[in-house]
Structure formats: structure tokens, C-alpha cells
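Note that chain A is present in both complexes that follow, paired respectively with chain B and with chain C.
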Partner chain A sequence: MKETTTAPGWLLVQRVAAIAILLGLWSLLIASGTMPSMLPGVIQIFSGIGEALTSSIFWAALSRTLLTALAGWAIASIIGVLFGLIIGSIKFLDRSTSILIDFGRSFPVLALMPVVIMLLGSNARMEIVVVSLSCLWPVLVQTIYGARRQEAAVADTVAVFKIPALLRFRRVLLPSALPFVATGVRISASIALLVAVGVEVISQAPGIGRQITLMQQAQRWDLAFAYLIFTGLVGWCLAVALQQVENRLLIWKRQEND
Partner chain B sequence: MTSTTSILATRRGTVRKARPRSGDSFGRSLLRATWLIVVVLVAWWFLSANSTNFFIPSLEQILTTLGRDLANGVIVAGAIYSLTNLFVGLLIAAALGIILGLLLGELGWLRRIVDPIIHFFRSVPQAALVPMIIGVFGMGQGPKMGTIAFACMWPILLNTIDGVLGVEPTIRKFSKVYRIPRSLHFRKVVLPAALPQIVAGIRVALPIGITVMVVSEMFASIEGLGFYILNSSATFKVPETWAGALLVGVIGYVISLLFVLAERRLLRWYHASGSQ
Partner chain C sequence: MTMQLQADAQPEAGTQLMKVRGMSMSYGFGASENKILEDLNLDVASGEFISIVGPSGVGKTTLLRCLSGLLRPKAGTIEVSGTVISGPHPDLAVVFQDYSRSLMPWMTTRDNVAFPLQGKGMGKVERNRVADENLAAVGLEGQGDKFPWEMSGGMQQRVAIARALAYNAKVLLMDEPFASVDAQTRFDLEDLVIKLKQELGVTILLVTHDIDEALYLADKVVVIAEKPATVVDEIITGFGEDRDQLATKADPRFADARARIMHRLRKD
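And then the complex of A and B:
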């Protein structure tokens, strides 16, 4: 397996060709008539995307979804990092909470939706709660893991110099856990968007997920698919951007590892 | 990007492995691990006992309802329906993900070309697929399994690719030097070496599958656990709604526990070699 260095231009051409082949296959599938007639063709989806990009409803829905996702993600990140650092650095808490955290992590939060809707109603607040409940676990688990790994020399130094707890927290614990925290925070960003859309699909909360079901109920399949695909693109860009940020922020860590 | 899921998954694996096993007795460590659960449950029991809020039933009421519906078979029938969908979906996802992952892992040029496509599909919101697939293909069991399979396939695929890329170059050269036949090379060299990563990918896919399972039944179904929860809440049977949600959580936890046990057996050689 030697890494052949293809020219970036040629690779781009190949990638575009691959996407074209995929779209071609889709068209063929539609043309063959074996698929249900609701499934829109490639041209319809593209004109749907065009229509979506020029409609204010679409942008309003998308920004609502992004804002709720962002709010839930921020809350989850703050709570997750705080609790994670505390739990991870105290052995007793670490062992006591492990089953509870395992349980929470494997809990499909969207199943809890009807309960949350009963308690909070079908609104943005409910959506933020569900999003942050889902985003909390990756951050918490990663932070705990990061806080656990304390190098013996560092721990000794801290003890010998009697570093105050608050300073230790800020200057020792946080930096050493940071690479793990970053991974958790990044993963939960993708989760935030996915869950926000999911919440809107099931509940009546406004946003892009709601628009997708509305379009589908109105038999506008082209628009529904256009929204879905565009949301996927947004999520993809978000993931790529966050990866870049993480790589840049933690460049010291990477160098250290090499 | 490719390593997102695998990093999380493998680190989770290490988290579990790294738990210190000190010399104290089994009883004490069991106590230490479980006391908080007991406290939470007891607190919930007593705090909710005199609840006057219609939407917050007492834990006693929730558990009685759960017991009643478990006994009269309402939930069991739903659970069987749901779990069948989940397992068939996961099976399809694992088969496709592993086969494609092995192929893409070996064929570097193809992987580089389709890489953006894979990451795009992974970013499509799984829950939003539910209305589309069910709307187009109908309410039956097949479309639900298909949705679960589609959502679960990508983490397995990405992790398999990572696993294949992580195969020791020396081992690869050996296989080449001895002209190990292609199929044997896949089955006996690449697959076992990538197995820890593949298993980690399936573990990431598991909660995704459970979520999609519930959502697909909440969206359009007259059967299953998701339907039980949604139907209860729509008819204002509040304790049933809580009971259903709680049960799905417990099922999710039990499945992931069983999976970890199965993983330990399957990868015993791997963990053994790691601890040396």
C-alpha cells in the first residue's frame, strides 16, 4: 500500500466524476420505473435545492435549527466539561458514576421526547433540552477519560508545590484533558444538528426537520429531498470545519505525540 | 475526519479497560459502583410519591404500569417487533459496511475518490430520513429495517476502513511475499486485523440504530415500542409514556452490555495481547 500522490486537480475531477456516476445511477433507477413514483429525479432535486436556496422560509427554518442546535450544544459542553473534570479527577466519584453514565450514554434520548414534550411543550426550549441531553454524554465521557490520565510526575509536582485547587483545575487538569475534551465537543456538535433535526421531525417544533415533514405531507417530494440533502451538506461542512479548528488548536499536542 | 467515530469508540474501549482493579473484595467494588443508582432511584421514588403534577406520575405508578403491560403482553409484542427491525437492520448494515470497508480500505485510489460521498451520507440526519423512506416505500417492516441499515452503515464502514488501514505493513508484506491468495488474504489477514475497529464501529452504530428504530415507529407505525410510547402520550396515558421511555432506555443499556460481553469474547486474543 504505497500512497500514490495524485495531482489534486486530477483527484477533484475523479471525485466529481464519482458523484456524477452516483447521480446517473439514481436517474437510471428512477427511469427504470421500479421505484415508487414519489421518488424525485436528479433534475427535480436540483431545482428543488435552487427553490429552497431562494426561499426565505427555508433559511428561517435552517437558522432556527442551527441556533437551537448551537444552544443545546453549548449547554451540554459546559456541563459536560465541568462535571467530567470533577468526576474524572476524583476516583471515588469516577467509580460511583460509571454505571449511571453508561446507562445515560446508551439511552436513546429521542425515545424520551413524548415525556419531555408533555413536561415542556413543543417548543424551542424543549428542543434545546433534548439536544443538550444527547450531546452531554460524548463530552462527559471524553472529559472524564481526559481528566483520568494524570502523569505521575505532574501529580507529584502539584502536590509538592501545594498548588491551590482552583489553579490546579485551570492550569493542570484542563490543559491535560483538553485533547480529549476537544474530541468529545466536536463529536457532539454533529450530534446536536442530527438530534435537532430529529426532534423537529417527531414533534411540531419549528425548524428544518419540521419543514421536511411538511413538504413530504404536501407531496412536494423534490423539496423534501432538497432540504434533506442540504441539511446533510451543512452537517458535513460543520464537521470538516470543526476538525480543522481542533487540529489547529491542538497543534502543540500533535507535535508532542510525533 | 475518518477517524472520528473510531477515536471515540476505541477510547471508550480503553476507558472500560483502564478501570483499575484493585485488590478489594467484589462486594465492596459492587457497592461502590451501585450506591449512586440506588440513591437516585430512592430519591425519585420518594420525591415523586406525592406528585400532584398530572404529567409527573410517581415512580411507583410507572413501575406498576410497566409490570402490568409487561404481564399482559402489550409491551412484549411491541418489543419483539422493534428488536426484529433493529437486528435485521444492523445485520444488513454490518454486512454492507464490512464488505465495502474492506474493499475501500484495500483500494486506496477508490477510497480517496469516494471519501467525500461517504462523509456526506454520514452527515445526513438519520431521523429526517425516516419520513422520506417511510413516505416513499410505505409503512411496512421492510422500509424501517432499511432506514436502520442505512443509518447504521456509515460508522461501521468508516471504522472498517480505519481498521484495514491500520494493518501492520510488515504483515501485509508477508502476505504479499508468500503470495497468499486474495480471498485468503482478506479472510485471514485483513479481517482479523481490522476486527477490533469493526467491532468498535458496530458499537457506535448500536445507539444510532435504537434511536432510528424508535423514531421510525413514532413516525408511522401501529406496532412497536415507539408506537407504544407515542400512542400513550397521544391518549394522555402519562404513566404508560414514562414506562415506555424508561423501558427503551433499559433495553438500550442491556443491549450495549450484552454487546460488550460478546466483544470481550470475540476479541479475547486482542485484549490479551494488549495487556502484555
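And then the complex of A and C:
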């Protein structure tokens, strides 16, 4: 990967400037009066975020949403990695399941929601199921890619030294697929939060999504936007944290590519 | 010391370790069948250093993969320690032509060397000790915490050799192990392998296209040629234990053997 030659200080200035310009444009747009009047201005949103940060209802809703998203994501990751490694490393399984998997990944899981709600009700369990189903495919597909790309020399080594299957799975297959697995896991982390909020908006299961709807219904547009933006921020922090973990785990990969 | 441990574990010199009879190998079937090896016979006795020399593309890697049990020959038998093998055998360890790729970049060199021992069920403390001893034996003392990609090609090759040694096999199979390092490193590694063979008593079967290397290292040179390939000549080098990059290669017997092999290879 090529690093940019820009000094880190300068880069920060550029990024802050980009955000400032965006906020400025937003303010201009509001001031110009072309947008519907309910759209809150920058200052209102910031004060809304301030209000949210001191509201226990907001924190309860946010942690609830984060927990369900996390649970669904974790379940999907474990199942996706396990099955992905098995499918990707066994040629005949890989070939025979490829149509099923291509179909599954393009299946609109959100459209299944009415059925899932009917079966499980508007609760956290239902939400976890929908989140897992949505997160499963990126992890599964990426892991299969990773497991397919086994170095021939590594496979020969494993065979010559008669490495037992379980040990091979844990210390050869998993690490060699890890660069791909990590991408899938990272993608599905953002999907998890997105879907969790979406499910709450649609099904009115308790959580931040439901709070956003309630605020809209109460005409508190500033708060609705504040919740929305703050949730986005949390999602972004998660993505950054995951990227850090990934970078640490995959030092060998970057070194090798140099 | 490892040296002592290993030497004790090896069978008495001269015991027959491998016996290859009528081995043939081809890729593909029917009309597109590509015959690579035909009716190959080979005997390997304990404590021997055998070089198999043949031109590029003759089927050396194919031969070594068959001997190591990675490929099933189309005909013939391979016996290791008295039993016919049908797959990799614990008495055989391999140092691959593509050594840098055969080391796992996500493991430290110590873990790379210890990994096959973990596969044998050896405990962590024990296998790390054996790994460190074998790393020391190949001149990588105290480098166990480094990753393969932090090392030069020559050092990576030493790690691959240490891994094969630690496995405590009776026969080391090596596929052009020094083909992709510079000349000086190559001489160092050749001398290292000779030293290991003498001190540890391991039996080595090395495949190369380099006639000088084959002669310098081996007690017996087996020449393979033709298509499909078969054994066309066998030469006992008779240089004894003491080898020196300058003196041995200046020996008149070296020049004679060299001329004989070149002649054999040119004729085909």
C-alpha cells in the first residue's frame, strides 16, 4: 500500500477544513430557505447532541442498539469464518455451494423482516437474527476467498510434516485467510449497526432507531438528527478501532508485500 | 546437545533406508499423457549423501515429490524403513525448492521450526527447546523471535533446514535448496549441510541441476536424463569426509567425474 507523502499535521488541517466546509454549506442551505423548515441547522444539531449526551434514555437506547448489533455481528462472524474456512478449503464443497452462496449474498434480508417479526416478535431476539443474517454473507464470502488462496508450498509443507487437521485449521488455514476474513468482518461491523438501527425504525423494537422515530413524531427534528449523527459517529469509531486491530494482527502481511 | 541426541536417534550407517523399484510417473491421461519418469530404481543407505543431478525440466521436482509421498507414482514402489509408502512418512522430511513460500509468514522462525513437532503432539516447552537447538545448529542462534520476512534468503533457507532437522526424520529430501541464493551464500549453505550430515549422521538426498554442487556434496551422484527420465549413470565420488570448496573442486577426480557427467548429459 502506498502512503501519502503529506505530513500528518497538514492532513489533519485538510480533514477538519473539509468538515467545516460541509457544515458551512449546510448552514447556507438552511439560511437560503430552499429546504423544508423542519430541517435543523448546524447549531441546533450540536445543541441536540449536547442534550442527548445528558439524557439517560438516549444512552439506554444507544447501548441497547449497540449490544444487539454486536451480538448479531459476533454470531455472524463466528459462523461465517467457520463455514467459510471449511467450504473454501475443500474443493468439492466450494464448487457445489458456490451457486447457493452467490444467491444468498444477493438476497434482500430486510425484506424477510415481516416473516421474522411474525415468527419472533418485535424484540431483541428478532433484531439479532436479522442483523446476523445480513452480516453473515460478507464474512462468509470473504472467508471462502481467503481459504481458497492457499499457497501450494504451504499445503505441501502441511502434508509432508503430517500436520493434523485441527491444528492445520487453527494455525495455517485461519491465519493465511485472515487478511480476507478481516475485510469481511470489518465490512459487516458497519452493516450490523446500520441494520440494527433500520430494524428498530421499521419494527419499533426498542433501541436508538425507535427513539429517532419517536423524536420525529414529536416534531423534535433537532434531536432526531442529533441521534442519527451521533450513532454514525459511534459506528465510525468502531470501524477505526477494528482497522487498528486488523493492522496489528496483519503486520506480517504488509511486511511480506513490501 | 541436539547433536548428540540426533546422532543417537539415527540408524547405524549402511542400513538400507529407502528402496525405489520400477517407479514411473506421468501427468495427464490417455492421449495427453506426459511421461516424466520411467522405471527408476534407487537405493539409499543410512548416513549416505546422494545427489541426483539432471538438466532443468527433466523431472527432478516430480521425482522428489514422489519420493516424499506428495505424489503417487503411476507404477513401481517406494519403500521407507522397510514398508511401502502411500503418502508422507514420518521418516522423511523435505526442504522445498520454494523454501521462502514454504515458511509461514505469520509464525516466528521458532514457531515455524516447532510447528511439525506440535503436530507430533510434543509439549510447548519441549518443542521450543528443540526448535532453538536446531536453529543454533544451522547458525541462527538466538534468532527464534524473528519472522521469516525479516531474514535474508540464505537465512530463510537455514530455517527450512532447521525445521526438517527438528522433525528428526531419518532422510532429508532437498529440492534445489540453494538455487536462488547468491554464490557466497550458496557455498556457506553447502558447507553447512556437509557439516550437519557429518555431525548429526542424517541421510541426505539432494536434487540439483548443478553438476559441481552435486559432486561437491555427495558420496554418490545419480544422473538422470532422457525423456521420460531414468537413471543413466551413478558415480561414487570418494572424496571422503573432508571437503573444501577450493581443494575438493581442484581434485583431478572431480574434473574427471564432472567431464563424465557432462558427457552423459550432452549425449542425451
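Assume the second predicted complex is superposed on the first by the 241 of 258 C-alpha atoms of A that agree within 3 Å, B and C clash if a C-alpha of one lies under 4 Å from a C-alpha of the other, contacts with A are read in each partner's own complex, and residues count from 1 in each chain.
In the analysis below, a contact is a pair of C-beta atoms (placed from the backbone, for glycine too) under 8 Å apart; a residue touches a chain by one contact, two chains touch by 3 or more.
Here the structure is a predicted model, which means the values were calculated and not measured.
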{"item": "Partner chain(s) touched by A:Ala241 [first = chain B, second = chain C, both, neither]", "value": "neither"}
{"item": "Contacts of A:Ile78 with chain B and chain C, given as first, second, both or neither", "value": "neither"}
{"item": "First, second, both or neither for A:Met38, with chain B first and chain C second", "value": "first"}
{"item": "Which superposed partner A:Gln216 touches (first chain B, second chain C, both, neither)", "value": "first"}
{"item": "Which superposed partner A:Ile90 touches (first chain B, second chain C, both, neither)", "value": "neither"}
{"item": "Winner by number of chain A residues touched, once chain B and chain C are compared", "value": "B"}
{"item": "Partner chain(s) touched by A:Leu29 [first = chain B, second = chain C, both, neither]", "value": "neither"}
{"item": "First, second, both or neither for A:Ile187, with chain B first and chain C second", "value": "first"}
{"item": "Common ground on chain A, meaning residues reached by chain C in one complex and by chain B in the other", "value": "none"}
{"item": "Chain B to chain A touching residues, read off their complex", "value": "1, 4, 7-8, 11-12, 14-15, 18-19, 29, 32-37, 40, 55-56, 106, 108-109, 112-117, 119-132, 135-137, 169, 172, 206-207, 210-211, 214-215, 218-219, 225-226, 229-230, 232-233, 238, 241-242, 244-245, 248-249, 252-253, 255-257"}
{"item": "Chain A partner contacts - residues on chain C that touch it in the complex", "value": "65, 68-70, 87-88, 90, 92-94, 96, 98, 101-102, 104-107, 115-116, 118-119, 147, 149-150, 163, 167"}
{"item": "Of all residues in chain A, those that touch chain B in their complex", "value": "1, 3-4, 6, 11, 14-15, 17-19, 22, 35-36, 38-39, 92, 95-100, 102-103, 105-115, 117-119, 138, 141-142, 144-145, 148, 180, 183-184, 186-187, 190, 193-195, 197-198, 201-202, 209, 212-213, 216, 221, 224-225, 228-229, 231-236, 238-240, 243"}
{"item": "Of chain A, residues touching chain C in the complex", "value": "151-154, 156-157, 159-164, 167, 171-172, 175-176, 178, 252-253, 255-256"}
